[in-house]
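The next part holds the structures, each set out as structure tokens.
Two complexes, one shared chain (chain A), two partners (chain B, chain C).
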Partner chain A sequence: MPRRVRSDTPLLRSIHFEQSTFGVFLVIPLIVVLLGLLLYPMISSVLVSLQAKVIGSPGRYVGLGNYVELLTKDRVFLEVFVNTVIYAVASVVFKLILGFAAAIFLNERVRGQNVFRGWILLPWIIPTLVVGLMFRWMFDQTGGVLNFLILKMGLMKIPPAWLAENWLAKGAVIFANVWRGFPFFMITILAGLQSISPELYEAAAMDGARGGQRMRFITIPAVRSVILVVIILSIIWTFNDFELLWVMTGGGPSYSTHIFVTYAYQLSFEGSRFGYASAVSLITTPLLVIFILLLLPRLMRDEE
Partner chain B sequence: MSTMMERAGKRVVSFLIFVAALLFLFPFYWMVTGAFKTRFDLMGLVPQWIPLHPNLDNLVRITAGYGARWFLNSVITSACYTILSVTVCTMAGYSLAKKKYPGRQFFFMMFIVVMAIPKNTTLVPLFLLIKDLGMVDRYSGLILPFIAWPFGIFLIRQSIQTLPNELFEAAKMDGASERYLFLRIVIPLVLPGIICLSVFAFRDSWNDYFWQLIALKSTAMKTFPLGVAGMLDDMVVEYGMLLAGSTIASLPIILLFLFFQRFFTAGIAMSAMKG
Partner chain C sequence: MSIIDRRSPAQTAGVYVILVAFCIFAAFPVYWVVLTSLKSARDVFKTAEILIPVRLNLSNYATVFKQYQIARWIEVSTILALVSTFFALIVGILAGYSLTHFRYRGRHVLAVAIILSYIIPKGLLFIPLFLVLNQLGLVDTFLGLVFAHETFSVPFCTWLLYGYFKTLPKELVDSGRIDGCSPLGVLTKILLPLAAPSVATAAIFAFTTSWNEFLYAATLITSSRLKTLPLGIAGFLRADSYNWGPMMAAAVIAIIPMLVLFVLLQRYVVQGLTIGAVKG
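Then we have the complex of A and B:
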């Protein structure tokens, strides 16, 4: 957007001078909170990660010791890293497919569409904790509805213990995450679809473009940037999806559904190894910063 | 002929979607009906698609224990958080959108970055900090750390930025004071944005679990979701109580959503449509 043209008139200049004091006044509470409760913890998080800190006693600086241990000795960390990647990638892929399909559908005129558009957001608005409990109950080995159906349909003699086996548990938490998260994809992609002018499609139809071509040359380019933003946001969120995992499996069985954030929690608040836990949290930061940098130009686009 | 085919095709699609929607909503149905089933019925080998002995036992037992207190804690926390964070965000959003002073752009950049950095990275030091400040197990410790909410500032800033500068100029010429301008002109004009933000703030606070798990220690101070999740640690996990608790925990949010659906959808879309 072009800079407002009239900002150099004398009147406005005088307003800006007055405004600036009031403007600074308005932003003060924010600065106080940011410095005290955000910047300070961030810096201290780095410092803590360089210490062998157990609660109740002052930390002892060990340099990069925590990081060295993490990267060379900690086998669990490697597993957790792989889990996080699997969890994030699989979730995002399924959410994207489902969300895109649902958005395309809701963008057409089909009966019942309005009702559906409202209800589809439900999984995304209720507490994640509740989603976790719901699925924990449905995946339950003996009382769960899923295993009942498996028995009833005779698919298996002994139905699996979904949340107690490595890969099944991974699948179950991904399933729950997708169920909870794809409505967000749908709603944002739908917003993108609705910004496409219908005339574009009409013109394309007139020129004899078929469905597939319209999709490829009009629809997808139009929503590409929205999709990119949604994917990045979703990856960042999935990296930090503590609640669903903690409630459904607690990171288990063994460490098979632990991701960085649950592992860090376990180390710090259950094992009280604060320094080491901080290192675990911080080591993901470079990764996230890459994603954030990808996002930044898009979010700042309307700046002068 | 082709229109008839088309119509029939649309019917089929609608039907398929209807089935998909039912499957999709099944977990909700299962949760709510589960809340009304007896312990025996819940653990039975044959699940009851419709509760055969519907009763309020689970709900009563939850509210009889600490449930009412937990619910109150959640209401207090969420209400205070909403008011405080919306105030801070509106003030800062206005300042960042329309005021000129050195460092403004830098601040805004910083918020965007902070918005993307998950708060989990700083939870350990934040916990140590509120411990030093004596805010563990208190409402203040739950509320204060997060009132400067980057998404909120972002949202308000965006809506204020669309207000034409001429408006401010005109009001100035008519002798409006800064305070008048902010309270009587800006706020009413961006009210939809503020409502949207309040709804989201309330939801975020109500749905939070991770920070509450860290910052609260005593049973009496627990928020509702935290209290419900705590039942998972019991020797025998009672799913009836868990499902009843989950239903109660979802209810305020679902009501909020039904009343403010338009704002919800707009807000969600906006958070990503910026791209």
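Then we have the complex of A and C:
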């Protein structure tokens, strides 16, 4: 694309000068939002995490006390940490497998491609809160459809209480999260697949490359970057999931489906320990920074 | 483009079978919610007719409107989503225009800040946002909710529109200026008509995200007159025994506007979904 003509005619120069002042004026609302609603809260979050803070009274600085307690004394935190990693990794793996498979098959020449695509996107448009309720009801021990089918098919005499046993509950929330999230993987991977030039495949076919080889040497390299971005975004979002878990299990049984955010919510809004809860949610920041550093160059690639 | 060599009829059938299987997987839970919402209180736990509806009745929908304030929740959610989307669009359009068609120091920093603000997760923000809004006396107010929603609407709208404005040639602006348009006139008369599809995409995303939002509502709102639809629906869980029928009816009511938006505007939704990951 041609660069802007750098004209030295007085008219254009004056336009550009006037414009730059006006441009700053136009961006002020954005700056206000970024500083007031994002930067300021994040900074105050760091400060609050250094305090023993209860709502209604000023906090008392305790240095790194909250972090020390978190890492050395809080047994629940360790469990929450492990849960979060399991939840995020398992969810992303299954979302990737399902999303990739759906994208590959949608990318075949099929009739009604748009209908299939829209239909498979359905989970993504359901409000997360509703997804949580939906699966809570489906996994319900007595009225749930899952246990009905298990009984009907005679798989078990006494079907399990899915959301009341540690590992079953973990599996159930991961299942719900995968159901909700795989369409996002599908749609982005599909967009990546559709950007591959057909000539590449034709050339490969002429050279005698078989389906599997074309998948390995053309398809996967072409969508690798897209997949990486989706995986990182998904991990960030899954690490910070709240609605689904809160509605499906409330973090239980005991703490088996608590992750950072639900635990921080419980500590702050139910236990009124705002300083400690801030430390819990901030402890993931180093990881977040790594992910952001991985993401930024990919998202900014077309920047000057 | 197919990765399979010329497909045999069996392979073609296989592709369709797998796609249909995906469709069933995607739709079954939703079907199940709708079905539950149409069962009477006596039938909800009658699992024998679980898969195929036998007696349908609308009593759950009547219950939801009579015994719960769902009309009010819908009103709050609709106004909230409209207001926060409107402001996010204005901020995003002005900033997108400014960052791409004007030269001043710091605009590259702002471009990075937009992406960072888009990535910053709610899980990091909800506690400090509550504390800040609490200091300002905005907890449990409509304005406080709008502020909270701008934290995700503004970054998304700005990023999307910034990306679009960047593709518009600067000559458009220069020629408009020479023809006598003011800088604002260039935006409203020349650029915005071109950007309409992107503005639509941004609007749909901001609106749906607001409509579905739960965490901020749960932390900021306590009075019943300000309950959003998701917050109201979550309230069904607090009752002594869960009323699955009415709860699922309320869930269906929350789904319907999203479904309508999606069916009518699928093209824009798909565009918005892929914008983050496929760019570049």
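The rule we apply is simple: the second predicted complex is superposed on the first by the 287 of 304 C-alpha atoms of A that agree within 3 Å, B and C clash if a C-alpha of one lies under 4 Å from a C-alpha of the other, contacts with A are read in each partner's own complex, and residues count from 1 in each chain.
Convention: a contact is a pair of C-beta atoms (placed from the backbone, for glycine too) under 8 Å apart; a residue touches a chain by one contact, two chains touch by 3 or more.
Keep in mind it's a predicted model, so treat the numbers as computed, not measured.
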{"item": "Clash or fit, chain B versus chain C on superposed chain A", "value": "clash"}
{"item": "First, second, both or neither for A:208, with chain B first and chain C second", "value": "neither"}
{"item": "Touched partner set for A:286, first chain B, second chain C, both or neither", "value": "neither"}
{"item": "Touched partner set for A:154, first chain B, second chain C, both or neither", "value": "neither"}
{"item": "First, second, both or neither for A:219, with chain B first and chain C second", "value": "second"}
{"item": "Which of chain B and chain C A:107 touches, first, second, both or neither", "value": "second"}
{"item": "Partner chain(s) touched by A:196 [first = chain B, second = chain C, both, neither]", "value": "second"}
{"item": "Intersection of chain A interface sets (partners chain B, chain C)", "value": "4, 11-12, 15-16, 18-20, 22-24, 26-27, 29-31, 33-34, 37-38, 40-42, 44-45, 48, 105, 110, 116-131, 133-135, 137-138, 140, 142-143, 145, 148, 179, 184, 187-188, 191-192, 225-226, 229-230, 233, 236-237, 239-240, 242-243, 247, 261, 264-265, 268-269, 274, 277-278, 281-282, 284-285, 288, 291-292, 295-296, 298-303"}
{"item": "In the complex, chain A residues that touch chain C", "value": "1-2, 4-5, 11-12, 15-16, 18-20, 22-24, 26-27, 29-31, 33-34, 37-38, 40-42, 44-45, 48, 55, 98, 101-102, 104-110, 114, 116-131, 133-135, 137-138, 140, 142-143, 145, 148, 179, 183-184, 187-188, 191-192, 195-196, 198, 201, 205, 210-211, 214-215, 219, 225-226, 229-230, 233, 236-237, 239-243, 247, 260-261, 264-265, 268-269, 274, 277-278, 281-282, 284-285, 288, 291-292, 295-296, 298-304"}
{"item": "Partner chain B, residues of chain A touching it in the complex", "value": "4, 6-7, 11-12, 15-16, 18-20, 22-24, 26-27, 29-31, 33-34, 37-38, 40-42, 44-45, 48, 105, 110-112, 116-131, 133-135, 137-138, 140, 142-143, 145, 148, 179, 184, 187-188, 190-192, 225-226, 228-230, 233, 236-237, 239-240, 242-243, 246-247, 261, 264-265, 268-269, 274, 277-278, 281-282, 284-285, 288, 291-292, 295-296, 298-303"}
{"item": "In the complex, chain C residues that touch chain A", "value": "1-5, 7, 15-16, 18-19, 22-23, 25-27, 29-30, 32-33, 36, 44-45, 47, 50-51, 90-92, 94-95, 97-99, 101-104, 107-108, 110-117, 119-132, 134, 147, 150-151, 154-155, 158, 166, 169-171, 174, 177-178, 183, 208, 211-212, 214-215, 218-219, 230, 233-234, 236-237, 244, 247-248, 251, 254-255, 258-259, 261-263, 266, 269-270, 273-274, 276-280"}
{"item": "Chain A contact footprint on chain B (complex, rising order)", "value": "10, 13-14, 17-18, 21, 24-25, 27-28, 30-31, 34, 42-47, 87-89, 91-92, 94-96, 98-101, 104-105, 107, 109-110, 112-114, 116-118, 120-129, 144-148, 153-154, 161, 165, 168-169, 172-173, 178, 182, 203, 206-207, 209-210, 213-214, 225, 228-229, 232, 239, 242-243, 246, 249-250, 253-254, 257, 261, 264-265, 268-269, 271-275"}
